[in-house]
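Here chain A shows up in two complexes: once beside chain B, once beside chain C.
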Partner chain A sequence: METQLEKVLSDIVTQQDTVGALLANRQGLCLGAKGDINPNVSGIGMAISDQVAALEPKSAVSTQPEARHPTICLYSGNRRCVIQRNGEITGIIYKQHTAAPASD
Partner chain B sequence: MDKEKIIAPNQIGYLIMKDDGGVLDSGGDLKNDVRSANVIMGLLNLTESIDEDFMPNSSCERITIDYGQHYYSICMSNRRIYVVKLSKTHTQNGATSSSSSSTSYNDAAEGNNIGSSSTVMA
Partner chain C sequence: MSDDIKKYFNGLLEKVSGLHVIQITDRDGVPLLRVSQEKNVDFALMPSFIPTFTTACDQASKLGLGRNKTIISMYSNYQVVQMNKLPLILTFVGSENCNTGHILALEHQVDGYLEDIKQAVTE
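For the complex of A and B:
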């Protein structure tokens, strides 16, 4: 049953700069995780997604999928945490930009 | 005093808050929008509890919320929280242009749309 989810997660973590990805259900429980990501993040990720849903409640009924499901991106140095909800499922992706190593 | 601040050419609203959530200044779509200010404060409080290993406490310096046609950019600096609501369709404040780049961090892009990511290159 989880093979589809596993496949999606595997596709995500093979993208450039991606270090980990997880999917959470409406209750914030982790449905699956791949790569270097703590499965416990599913709860807080879901909470963030819920909080952002309150920012523009009118967009929730928009015909545009991008407006219904805003993408949240948290930046910290060369790291990014991308959160997006799509219906029942919320995806959380960790990204780390790895520039060519400079001599320091 | 009533003149609105122009933080970015394609802005459609802005909020400047204290770190306790008090609104210091606002304009455009977000003028006197205390409700949005409260939602954003709640969001900032939540981001402090995200994965300690990946993002140590309070290290999150910028948040973007992308709605397709517009997006919010939230930055923390000098104990102030700056929220700017930006349009992706360059029609505000006479900034109409055919440029394909959509963010204000585009000094290296030269109209060449590299991608949707708005990563700041240090």
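For the complex of A and C:
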């Protein structure tokens, strides 16, 4: 049943620098997670998305979904967390910056 | 100490949008702490409400999936999330579109604050 969802998550996790990804439904419950990410962050990720959307209330009436819920990027050390909402689905991606090998 | 705990739970109530009530009771439904917004959701204090959860929890634990920890009940206007933290029962009442995942994520955060109440109940 969730084969398609698993495939999408696998595709995301195989991207460069990506260490984990999860998808949450409109209630903030985890639909699926792959890689190094705690499924419990689904609710908090969605709450952050809602709070950030409230920063710009005028965007709430926009017809463009990406304007209603902006993409959020949280930086922490060498990791970053990207949160994007599309309709009822929220995606949370963890990325880790890997230092490029030093060239002589 | 009690004021600190109440303040903390009031803070949680504000953090989770759509959350109306947080209630801590013992397993018989005796209220120990209750923080709520203005919205009237007194059904959470009905005498049969918590004991029914305790019974449901005990029955759910017999399903062979391990000890039941949480029961989420969705209604047309409300959602109720109840957590089994024996000897305490933690009840969250929110609107139907409240962020359930966020409420569930609070489970481990509140543990430290529940310890004092747990001790008071067991003594």
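Just so it is clear, the second predicted complex is superposed on the first by the 91 of 104 C-alpha atoms of A that agree within 3 Å, B and C clash if a C-alpha of one lies under 4 Å from a C-alpha of the other, contacts with A are read in each partner's own complex, and residues count from 1 in each chain.
What we mean here is this: a residue touches a chain if its C-beta (ideal position, glycine included) is under 8 Å from a C-beta of that chain, and two chains touch if they have at least 3 such contacts.
The model shown is predicted, which means the values in this text are computed figures rather than measured ones.
Once both complexes are superposed on chain A, the partners chain B and chain C fit side by side without clashing. In the superposition on chain A, A:A21 makes contact with neither chain B nor chain C.
By the touch criterion defined above, A:P70 lies against chain B but remains apart from chain C after alignment on the C-alpha atoms of chain A.
Of the two partner chains placed by superposition, only chain B is touched by A:H97; chain C is not.
For chain A, the partner with contacts to more residues, out of chain B and chain C, is B.
Of the two partner chains placed by superposition, chain B and chain C are both touched by A:I44. Of the two partner chains, neither chain B nor chain C is touched by A:V13. Legend: residue contacts after superposition of the two complexes on their common chain; A:R79 is shown touching chain B, with no touch to chain C. Judged by the touch definition given at the top, the superposed model places A:L29 against chain C, while chain B stays out of reach. Contact with chain B, but none with chain C, is seen for A:E56 once the two complexes are overlaid on the shared chain. Between the Cα centres of chain B and chain C, as seen from that of chain A, there is an angle of 100°, stated in steps of 10. Chain B and chain C never share a C-alpha pair closer than 7 Å once the two structures are laid over each other. Of the residues of chain A, those at positions 40-41, 44, 47 touch chain B in one of the two structures and chain C in the other.
Within the complex, the chain C residues that touch chain A are 15-17, 97, 99-105, 108. Residues 24, 26-30, 40-44, 46-47, 50 of chain A touch chain C in their complex. Listing the residues of chain B that touch chain A in their complex gives 36, 39-40, 42-43, 46-47, 49-51, 53-56, 59-69, 72, 119-120.
Listing the residues of chain A that touch chain B in their complex gives 37-38, 40-41, 44-45, 47-48, 51-52, 54-56, 59, 64-67, 70-77, 79-81, 94, 97.
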